[in-house]
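Structures incoming, each one as structure tokens.
Below are two complexes that have subunit A in common, paired first with subunit B and then with subunit C.
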Partner chain A sequence: MTVPETLEFFVDPGRCIGCQSCVQACAECDTHKGQSMIQLDYLDRAHSTQTVPVVCMHCESPTCAEVCPADAIKRTEDGVVQTARKPRCIACNNCVLACPFGVPKMSTRVNLMMKCDMCYDRTSVGLKPMCASVCPSQALAFATRAEMARLRPGARPVNAFQFGAQTIRTKVNMMVPDEPSCEIVDVTSAMFEPTIGHDILDTVFEGDENEHE
Partner chain B sequence: MSREVLRAIVWGLLVTAVLGALILLGSRNLAHFDAALVSYTFAILFATFGLTYRYSMWLSRPPTAMYWRRGWQAFFRRGLRLQNVGRWFSRVVLDIFGNRFIFRRDRLRGLTHLLIMWGCIIAVAITFPLVFGWLHFRPVVGDLSRYEAVLFGFAAFRFPHDSVVAFFLFHGLVWASILVIAGVMLAMRRRMRDEGAEALQRFAEDFMPLILLFAVSVTGLMLTASYTWMKGYGYTFISLLHAITVIATFIWLPFGKFFHIFQRPAQLGVSFYKDLGRAEEPALCRRCGHAFTSRRHVEDLIEVERQLGYRYEVDDGRVEHYQWICPPCRRASFAMAQGLAWRGQRGGGPLATPERPLPMPVHANSGLGEGPLDEEDAENFHP
Partner chain C sequence: MSNRAKQPPLDRATIAQFGPSRAYAAEIRVDAGVEPDKTVKTHCCFCGQQCGLQLKVKDNTILGIEPWYEFPFNRGMLCPKGVKRYLQQGHPDRLLHAYEKSSESASGFRELSYERAISRVAEAIERIQTEHGRDAFAVLSGASLTTEKTYLMGKFAHMCLRTANIDYNGRLCMVSAAAGNKKAFGIDRAANPWTDILEAEVVLVAGANVAECAPITTDYIWRARDRGAKVIVVDPRLTPIARTCDLFLPVKPGRDTALFSGILQLMIKNDWLDHDFIAKKTVGFEALARSVEEWTPRRTAEVTGVSEAAIRRAAEWWGKAETSFLMHARGIEHHSHGVMNVLSAINIVLASGRIGRPGCGYATITGQANGQGGREHGQKCDQLPGGRDLANPEHRAYVAEVWGIEPEHLPQPGVDAYEIMRKAHAGEIRGLLSICFNPVVSLPDNNFVRAALQKLDFFVAIDFFLSETARYADVVLPGSLQEEDEGTVTQVEGRIVRINKAVEPPADARQDWRIIQDIAKSLGRERGLTFDSVEEIFEELRVASRGGVSDYSGVTYARIEEHFGVFWPCRSDALDGAPQPTPRGTPRLFEPGSYNPVAKGSGPFYFEDGKARFNLTPHHDPKEDTDEEYPIILTTGRVVSQFLSGNQTRRIGPLVDHYPEPKVEIHPRLAARLDIVDGDWTTVESRRGSCTLRASVLRTIRPDTVFIPYHWGGRKSANQLTISAQDPISKIPEYKVCAVRVHKAEAAPEYSDKLEPQQ
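On to the complex of A and B.
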């Protein structure tokens, strides 16, 4: 069983509405029953509604696997970086700290790293991963490239990310504007960027303060 | 031939030679060596070479070498040695011999592993000394109702041959087989019923070891059945079959899943490294300023990544290396990067004002099973 080549994972954090459907659905996955592997964060809770759902990007050269002293993280022939092999993982936390996307979770109590494995039980038989099957805004989508091109005119997928001097290529794609300048997503250059939103709430609060004055 | 391979071969030959010498010594120059078991001896010698070779190659990987060194340094840290010895005993008993962490994963899995593990330990503890000629039994001169156990050429203890002790001792491998078969049955049941396991398991990695253990145990029991109840019917054939299964298991030992038996104790080194890290200076995220692990761990990872050929150095004095960024800030940066790419094309705009501090990512839902998995993970997420 392998993930069909025509089907790919596309993430578009800009479309995320923070509904947490993916978080709930993820916990249903048979490979990590009861635990959600989705990392869903509010970036600046007090001022912005911006949220980011992060799934494993399944790097072509996974840093998590390379820095694993126990050789517990394996990549399948079809490019899925699997969660730690239970007999081997020694819970050193190297993978959690080294993953450039901040994906793995660590349970020291049971001596095991756990992470998204793209619902391998589902995707390997051509089904959508749990998160993509429930995401109402399709910030997390599992489809063919042709479907994505039809549904997202003006956008295209890229799978190259820059972290300082290191370029990482992934199996999972991110949707960026369909422009020649967007060949690679430079993560470190955006590190100190502000969150995105509308200053509506700030205006409301400022108005209140003025009224009290 | 690379230096690592050469070193692994030398270590393999050295350890195998030491075991060979111990066999000569313990069997008093092969005087008590059972020639019928010579094929087992050579299978174990081969496995010893293979295991040492693989262990040495494993230790030469940059992250393993780093943790190996740091684990020992943490254990022998001045002022902590006595405390570490106490912790070592407690962790060996609870986690290694008691399988505490596997029981916490799942009680049935814990029981499964405990049965297989103790079955194998008992079997190895009985058969290895017998095969090497380190242990043999002889009648006591002048008292034929008693046996004497001879260990490494020295008389160890005596017992009546029709006693309960003798019954349990001489049937040790039967008890071991029963434990292993029960464990294998439970493991097979899970592998055939659990959809998660079904998706991830592979024949060579997950089924082969179970099949081998089952074959060894069943053929071993068949030997006992043959000489106890069947007047030795088919004994030669069964003993040959048993030898084949045991030798296949030993040859498989260095290559497959069984290697985890030798890798697993590394978790002890990790625990001492983490103990030390918690007592020392924390690493502070260079984006949000929060502590997220030990400074030592980040510095060691930077070195490991450099050795592996990764170049996460950042040309920004505030960051220097991407490893100084905590996991939540990495996820935030991932979203910011996409936002930056879409700036001016999608709705919304940058919200920062000079007075506002840097956005502090928080997990959306830290409910049961949805947020950090435990204390250390909470540190990974943010204190």
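On to the complex of A and C.
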């Protein structure tokens, strides 16, 4: 049995709460138990609690595989880019350096490149990957395109990314908001601080204060 | 007394033997070839959400977890604590034997046989109660225990020890919400199932760091938002749930009542009220309306530190909504006026009339695993099973009959958990048994708590790990982990769920209820404490709760499993004039036309007239406000990777690594004034103690406030600083506000190169 065609992986950073449940659950995967293949970081903790999980995007034409001198990295028929084949991997680190998303990890303990294989043992029998199963805010979701369109009307999936001259198409989708908002809300923006003349709000929250006076 | 003289000991020799040390998955847990013997459907051992999950078991070892997709509350979702909880089992720190204090051992403890330990405990209880009276022996219990165990603890104290002094760690957690709910609604339970959040137009989250403390609730709130709901967050910190909210009200700690009164004032002024509901279903509105007149937007802004425009917008959104859900947690409850805060929040719910219908909800977010069930069946200092009152003669008579004793043999109400510590310090309480409670970390002003424990003639702790508190015990009895026993707990929605046993307790460790019964037997007072199974305890609890507000009489283990949980109240049979109870119980309270045993059909609320109560909520400043000497507000809270006092989670390696040590959060504006940069060792001092931690300089906190998470012990404990001021009604301590001063530390603290992060 293969991954049902209709179920896809979606990353929705707008929903990420930084709890690291995905990181912890990834290390529960039977093929690399104890080691997580997901990276989760604050963008800029000093300014925001925004975090972003980085999972393998499973590229259509994976750079990691293209740069592998030992031809150790394989992509399955259904588009899952796998961890390097153990007998072939020469631990040269080319893939680690070349991946535009920074995904592959070199396990120096076993001299093997390791990466997310989208929980092949689970998805190949119709189960959700561990990370997308547990994610409490569903920033990582495993669903059909139609479901996502219905559940998240304010965002749309993107799976083409530009890195310099290189266009990368991926199996995994990134949810981007329809109306991007780059504003960072500072706590002080909505505070009442008469001593420094700082009783502002209108610039932070949309709409006109006067309409409900 | 100088703060330095009171610093907690480093306890390095004790830590060397008993931890906390960090466990990681190893051996058969990382062997991909190992297949589990069985998977056990159960629930997480940590917070009050009680996410369903499956434990994979092989040879009495829990290998890991598997999501339980069918359980409707969390549908497979888990937070990192739920994912890694299995690492507490088979842990090298696990107490495998009983211990007694010994000056000859470097760790301070030596092993003794379980039987000898039990008789030592019984002898001490007998001696103390004979010499100093029954109330001189106190019991501290906890709300992470199953409901069966909490019922047994109440019965043990009230019937076997006949001491008035039993209380529980929900005193630090749920009591303000409980008292507020009883005053306004006559019943203490979340009013709605969480699915009602999805139907709300406005979701108001007050004092709840949902993403870190109740992570699964994030999904409900954000699904509501995706359906068009506006999300309002009230918090002095811009928490992860606040990051994408529609309106953020950065309230100054301790000013929540003023904020809600200000919102109500605008609702009245603009006539955003449900007059029909107010007239027919409530009492007390006119007096309240007069009392909030003074809370003009300007004055509310001045007191709360929230901009006037933000207050107006919140009132308008809340006032005009057709459906809504208001939820709050410890952020508004951990105050010397916590009950007032809760009541002021309830007032804006009642004024809107939006309760008891689909999409119209109100709830406190329960903290502990059994924060709900653990506060219903008799381990609170003034309580009997079924949510009954120890001071009520009818209630006493009913429970006494179930237990086969005379009502006058039941003690009168005792004192709260902190007062137990004060009485221990004063020498009035001479002996203490504690289970599922780590007051040396979790109670405020914990330098005082350590001193109180040291004055006891005899202290016995039941625990699975040697907690910071158990280090002060004369005898330590090895209890059971959640996965080593079965029973029920009641989660955040009032849904009773089944905890299933996955493994056996190791070596001399015993299931907690057996330990309690062994003590009773050794005392020669085992009558009523001779249960052979957990289900037998539950069957008695059903009878004992029958006819009470927290009625479990219609709940059976089979029904719980069949329906993915049963919501109490769930009666066993139809009372006079009442409709037939449904097998799933009561998911939504206060529905129009609903029946309850207090109102008997006169209305949906749990008072004789069936009407809800508006309560006057005068604003009071926090007990300890800032001044020249201590000019900064300290507020405390949690991080997602740790739970409560950390006795479990500080031993789980991957969770420790996520956020290893507490940091003090400081706004850059304040940090600049104090010449502190990110990562600096920073000393925070209050009138009670001092604590040196690294600074985390960030813009997500009010500049007049610093924040420290409380999960660590010893010199890293935020509760060295907090104040033991308590709410006069609920007796909850004021963890969320005290006055401190902050300065850059001259040097790294002594612990920094002597202890590991979790120690």
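For the reader, a short list of remarks on this structure follows.
Please note the rule applied: the second predicted complex is superposed on the first by the 176 of 213 C-alpha atoms of A that agree within 3 Å, B and C clash if a C-alpha of one lies under 4 Å from a C-alpha of the other, contacts with A are read in each partner's own complex, and residues count from 1 in each chain.
Heads up, the rule we're going with is that a contact is a pair of C-beta atoms (placed from the backbone, for glycine too) under 8 Å apart; a residue touches a chain by one contact, two chains touch by 3 or more.
Computed from a prediction, not measured in an experiment: that's the story for all the values here.
By the document's definition of touching, both partners, subunit B and subunit C, reach A:33.
By the touch criterion defined above, A:160 lies against neither subunit B nor subunit C after alignment on the C-alpha atoms of chain A. Judged by the touch definition given at the top, the superposed model places A:110 against subunit B, while subunit C stays out of reach. Of the two partner chains placed around the shared chain by superposition, neither subunit B nor subunit C is touched by A:149.
Of the two partner chains placed by superposition, subunit B and subunit C are both touched by A:192.
When the shared chain is aligned, no partner comes close enough to touch A:7: not subunit B, not subunit C.
Here subunit B and subunit C are compared by how many residues of subunit A each touches, and B touches more. Of the two partner chains, subunit B and subunit C are each touched by A:20. Of the two partner chains, subunit B is the only one touched by A:176; subunit C is not. In the superposition on chain A, the residues of subunit A contacting both subunit B and subunit C are 14, 18, 20, 23-24, 27, 30-31, 33-34, 45, 47-48, 50-51, 154, 185-188, 190-194, 199.
Of all the residues in subunit A, the ones that touch subunit B in their complex are 1, 12-14, 18, 20, 23-24, 27, 29-36, 39-45, 47-48, 50-52, 54, 63, 66-71, 82, 86-88, 90-94, 96-103, 105-112, 114, 117, 120-121, 124, 154, 161, 163-166, 174-177, 182, 185-199. Contacts from subunit A toward subunit C in the complex involve residues 14-15, 17-21, 23-25, 27-28, 30-31, 33-34, 45-51, 128, 130, 133-138, 151-154, 185-188, 190-194, 199-202, 205, 207, 209, 212-213.
Of all residues in subunit B, only 58, 61, 63-64, 66-68, 95, 101-102, 104-105, 194-196, 198-200, 257, 260, 263-264, 266-267, 270, 273-274, 287, 293, 297-298, 301, 304-305, 308, 310-316, 318-319, 321-323, 325-342, 345-352, 356, 358-365, 369-370, 372-377, 380 touch subunit A in the complex they form.
Residues 24-26, 29-32, 64-65, 67, 69, 74, 76-80, 82-84, 211-212, 215-216, 218-219, 222-223, 226, 236-244, 246-250, 301-302, 304-310, 312-313, 316, 640-641, 654-655, 658, 667-669, 678, 696-703 of subunit C touch subunit A in their complex.
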